[in-house]
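Two complexes follow with subunit A in common, the first pairing it with subunit B and the second with subunit C.
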Partner chain A sequence: MLDTLSSVTTPELIEVELHPAGLLPRALAWLIDTSIRFAVLLLLAQILLALGDFGTGLFLLDYFLLEWFYPVLFEVLNSGASPGKRTLGLAVVLADGTPIGWGPSLTRNLLRTVDFLPLLYVFGILSMLFDKEFRRLGDIVAGTLVVHRGAERKKAAVMTPADVLIPATPMDRATQKALVAFAERADSLTPARQEELAALLPHLALAASGPRGAGRLIGLANHVIGRSA
Partner chain B sequence: MDLERLAVALRPRNSWEALDLGVRFAIQNGRALYASWLAVCLPVALLVFLTIGYGMEEPAWAVMVLWWLKPAFDRIAVHVLSRAVFGESTSISETFASLPRLLFKTGLLRNLSIGRFSFSRSIRLPVDVLEGLNGRAARQRKALIARRISGAANWQTLAWLHLETIFWLGFWVLMLMLVPHELLQDFQFSTLFDGDKVPKWFHWPLYTPLWLASVLLEPLYVAGGFMLYIKRRTDLEAWDVELQFRRLAHAHARSVAETAVRVACIVCLFGMTMGVSPPAQATAAEAREQACARAPEVLEKVLAQPEFGQDKTDFKLKWRPQAKKQPSSTTPEWLRGWLDALGNGLEVLGNLFALIGRVGGWFLIATVVVLLIALVAKFGWLPTPTRRPPPPSALAGFDIRPQSLPEDIPEAARSLLHAGDVRGALSLLFRGALSRLAHQEHVPFLRGDTEGDCLTRVRAHAPEKSAFMARLLGCWQGLAYAHQAIGGSEVETICHEWGLNFGGRTRHD
Partner chain C sequence: MKQEHFETLHAASWQAFEQYLASDTRQRKTRKPEPPFAAAEFPQRYRAICQQLALARDRDYSLSLVNHLHRLVQSGHDVLYRAQAGFGARALRYATSGFAQDVRRNKGWILAAAFLMFGPAIAMMLAVRAQPDLAYLLIAPSEVAKYESMYANDATTLGRVARDASTDVAMFGFYIFNNVSIAFRCFAGGITFGVLSIFALIFNGLFFGIVEARLSLAGLGQNFYSFVIGHSGFELGAIVLSGGAGLRLGMALVAPGLRTRSRALYECARDLVGMVCGLAVMLCIAALIEAFWSPLRLEPVIKYGVGTLLTVLPLMYFVFAGRRHGS
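Now for the complex of A and B:
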């Protein structure tokens, strides 16, 4: 089963799933960040280049600082996300999912020069296309990952009009998860499709009394998430 | 459609993740995908290059024609991917066998004309190729599929457009980097874009890398669109839920069957094994002894595993302070002269830095001072003049405003006592005591204090009155809550002591 997830096991044997982000969202985030930097430099140039050589010197210093420390400062101080990454819902974390520090952040951003070669990140793009976790060379060296931060989607509430039904026998974990997943998605499905799905589980969806079919499954899901009748 | 054979994990994922999964999937199935892809692409390309490129001497136009024909090639990629997603590999001959259907029954003409400029062609393609709809139904279906994912698809198309260009230019920059500098003395980039100055033969190496980049990147683009399509259908039809339900149904059927078998086995065994248990117990005890005997050995084996004890050598760079060399006390003559000469030139700069340093220094000092003040203000290290909050008007259920009390409290209490109202007398005394403590002794009572809290505060802030207050409170609580009878003489004494502690008359202040 192919998936883009990368799972990390904590010492307490808890499995944490990271959602590495691939080429396209990262390219868009880069575009936003580059535009911001360009705009700032343009503004600075208006002011500083009017001051003669001294202003030029300051401008070059600013350029240097923006080029090298814009990503680093945002990554370390802004929980792993530059404005572009934040817009796209991305964040930089260490490979084990912990927050990124100064060392890794500096490493991955200094190695931009390598990723940039020979032109416009060709090496970086190749690396991202072939790496299983979409890392560019800088990420591989620094041991970092760019992940989708809000990847856990917002869960819709389980449908309210259904009753809360208490199952005759206890349900195992897989059953509970499946029922809740079904109930959450139910209002985006056509009634016909709902019944089609419910028919796959006759031992749960059919009963001597009470609602039958999809309504019954949603009622059971209501019980699973702790609603009381 | 058998979802259980699906080679990708089904879960709700956002569009970006679907695109990424597409790229991963294409690379994982790269061999079959690129085999079929190139088997069709290369001969066609060869033909086009021979006719338009060589025959008409326009290699740029040949690349252009091949670019235009992309939707036709894309059908092959979708075909291979749609089979791979259900775990079927596609051989080259199978691809050729299905070519007629792919080319003539999937609306290719439209895709090569109007549809060629659609930015979401990657997600419309799977509908065309895999769902076999026509006319109005096809249009509606494509609109439905594109509804939530067209944004990502548009970005993907834009990105791939740039990607091809970047790879093309990147290839050329890499080539230029690798050519020795001496050979390129007269070379200027601008000549590349000036059609007249570039010799005709140079068009070949100039444009074929662009074609190569597009041929190699296109299957990834198609795969991205295909996974977006799968994502959309998963969302629309809850494929992930269906898969979970199917597994649950299987598990249920299996467990029902297993239960039946188990019941049968138990019934059989019960009949056979009546009273034959002691040997089993004996073997269990033996096994246990053996395990105990082997324990140290096993323990050593476990400890030898890399998770346990191991030696690790760590290297760390550490700064080693060296003995400072004494600087020579006198500046050599030559250096002094040189410095003098340089000094004039650097003076302006030096003054500037000095100014910056001075201003910066003052700024730093000001910052520190401001920070200190802010800290002090925040944590209140300066003793701030405390304003006493006014005492509450009621305490433990008693109105303790001085205005509400008679002027001579002991006297009023005595008269109440003589009238036989012991409870009224004690309550008045207690209320009066609290009022005096709050307004004259400035004991900081709070509005919600209970009688016990009041006593604690009196002990802390007016210890000389606390013994009397304890006694008064004891009497009051005994009377009010425990309904003890308090003797008249006792109350009389308290009245007397009240006068000693708080003085006779209230001063209204």
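Now for the complex of A and C:
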């Protein structure tokens, strides 16, 4: 398969599909997170370093916490996504698709130092390029995946209403599926494109009958899902 | 059953499920929608939707319906299988017994790490005493001079001369930042087949040996020991633990046994991450002692007495804590 989907079987014996995120979206998310961290540090430096030695101590503490625990806190408390990942619709999950906890999150972020070696995440990038699920070393050790959790289309699309047509001959499963998928997407296509697609099934759309081929296909699809005239 | 009929049959329960998921988000909103059914009903309803997804896939219902059900199942899966609360209680239980048990379970690795650190340290102590210039193999002469001035009789570090309380806070921040980061790297570095962990242990051992020997030769041994004895138990102990954890991680990569290397790393790290948290806490305690107790100007007798107690404390904990469960 060319797809990068990885499917996980849950205890309910249903397959849940995870969509691992590749190098580029993850690099962008990292860039956003790093900018946020840098901005916070810059702000803290303005305030705390003016307070002399006492402020220096607090600044170093904050630096330490941001350096190691910024991703951990967000991943565990914010359903698997730091602000950068949230912006790009990514989330960290365990390899079996369940939400990430403290242990794995800490592990993958401690291993970040090794991924960073020798400079600018070279090890991490190599690991992601060679791994089937784009895992960096930290992900492999912690057993986690970074997946796309983008906003999915809101609702199951409805068929465009049309006359319900009963096919002259029985249709096989693949054809039925293609018809229903076409009828669902018809709303988002221009009429010209609809006809163009309908022309691919001349024996069903009866291309001879002119520009009403798409309407015929939608009618057939309505029959397939069980609507009656 | 045709798709249309299927959808009308279950639409209400799908909508209720969606409402429940919306009301369950852990974000603190001012107005959460009321959940449409009790939490106890959730698993049953979730399983029903799993079954409906299976049916929808098997019956070749349309893609958007299958996707919709898949999304419901995925969100339900997240809610059902997320790590539940009780974090505080688990952390407490780990602190009182689990940590010591983990350390005893890994004592082979930890002893190896201790040998890798203290072996070079002792070797260097002896070598530098015989030939003081050996110190310059590792540390530049100016650095050595800096250490000597830090522990000099008139230095503020452990002062015959008092230092400000705010300096203590600055040093506390520095110790946390520096030491905990070193320990974390020492553990994570294990994934390079253990090389980085071994290097860190040996290097720190040599360094410690040189500093100890040079300060003793300069007649500052008293100052040095009365300063470090308080926190050395927690600090060196934690560094040795992180080295041991790193060694074990490296070994999982060298000899994974009947597992793939990534599986071996995963199982090994899952076993060790608690110990790494524990040693980070140890280093925080060490930093507190080092910043606020060690520089106090007290009689050496008191400092040695308390210091010995503070060194024995973690050892006692590792030997005796959490024995009830027979480990």
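To be clear about the criterion, the second predicted complex is superposed on the first by the 165 of 229 C-alpha atoms of A that agree within 3 Å, B and C clash if a C-alpha of one lies under 4 Å from a C-alpha of the other, contacts with A are read in each partner's own complex, and residues count from 1 in each chain.
Going forward, a residue touches a chain if its C-beta (ideal position, glycine included) is under 8 Å from a C-beta of that chain, and two chains touch if they have at least 3 such contacts.
In this text, all values refer to a predicted model and were calculated from it rather than measured experimentally.
S.K.: Name the contact category of A:G57: first (subunit B only), second (subunit C only), both, or neither.
M.R.: second
S.K.: With the two complexes superposed on chain A, say which partner A:A181 touches: subunit B (first), subunit C (second), both, or neither.
M.R.: both
S.K.: After lining up the shared chain so the two structures overlap, which partner does A:P170 touch, if you call subunit B first and subunit C second: first, second, both or neither?
M.R.: neither
S.K.: Looking at A:L119 after the superposition, I want to know if it touches subunit B, subunit C, both of them or none. Which is it: first, second, both, neither?
M.R.: It touches subunit B, and subunit C stays clear.
S.K.: First (subunit B), second (subunit C), both or neither: which does A:I225 touch?
M.R.: In the superposition, A:I225 contacts subunit C only.
S.K.: Does the superposition put A:A21 against subunit B (first), subunit C (second), both, or neither?
M.R.: First partner only, subunit B.
S.K.: State which residues of subunit A lie in both footprints, the one left by subunit B and the one left by subunit C.
M.R.: Residues 54, 153, 177, 181, which sit in both footprints.
S.K.: Please name which positions on subunit A make contact with subunit B in the complex.
M.R.: 1-5, 19-25, 27-28, 54, 88, 118-122, 125, 129-130, 132, 134, 148, 151, 153, 174-175, 177-178, 181-182, 185, 188-189, 193, 197, 200-203
S.K.: Flag every residue of subunit B that touches subunit A in the complex, lowest number first.
M.R.: Within the complex, subunit B touches subunit A at residues 6-9, 11-14, 16-17, 19-21, 23-25, 27-28, 152, 155-156, 159, 163, 166-167, 169-170, 173-174, 177, 220, 224, 235-238, 240-242, 244-249, 251-252, 352.
S.K.: Once bound in the complex, which stretches of subunit A touch subunit C?
M.R.: Within the complex, subunit A contacts subunit C at residues 10, 12-14, 16-17, 52-54, 56-61, 63-64, 67-68, 79, 97-99, 101-104, 106-107, 110-114, 137, 140-143, 152-153, 155-157, 173, 176-177, 180-181, 184, 224-227.
S.K.: Which residues of subunit C touch subunit A in the complex?
M.R.: Result: residues 1-5, 7, 26, 46-47, 50-51, 53-54, 60-65, 67-68, 70-71, 73-74, 77-78, 81-83, 87, 164, 166-174, 176-177, 180-181, 184-185, 187-189, 191-192, 196, 249, 262, 265-266, 269-270, 273-274, 276-277 of subunit C touch subunit A.
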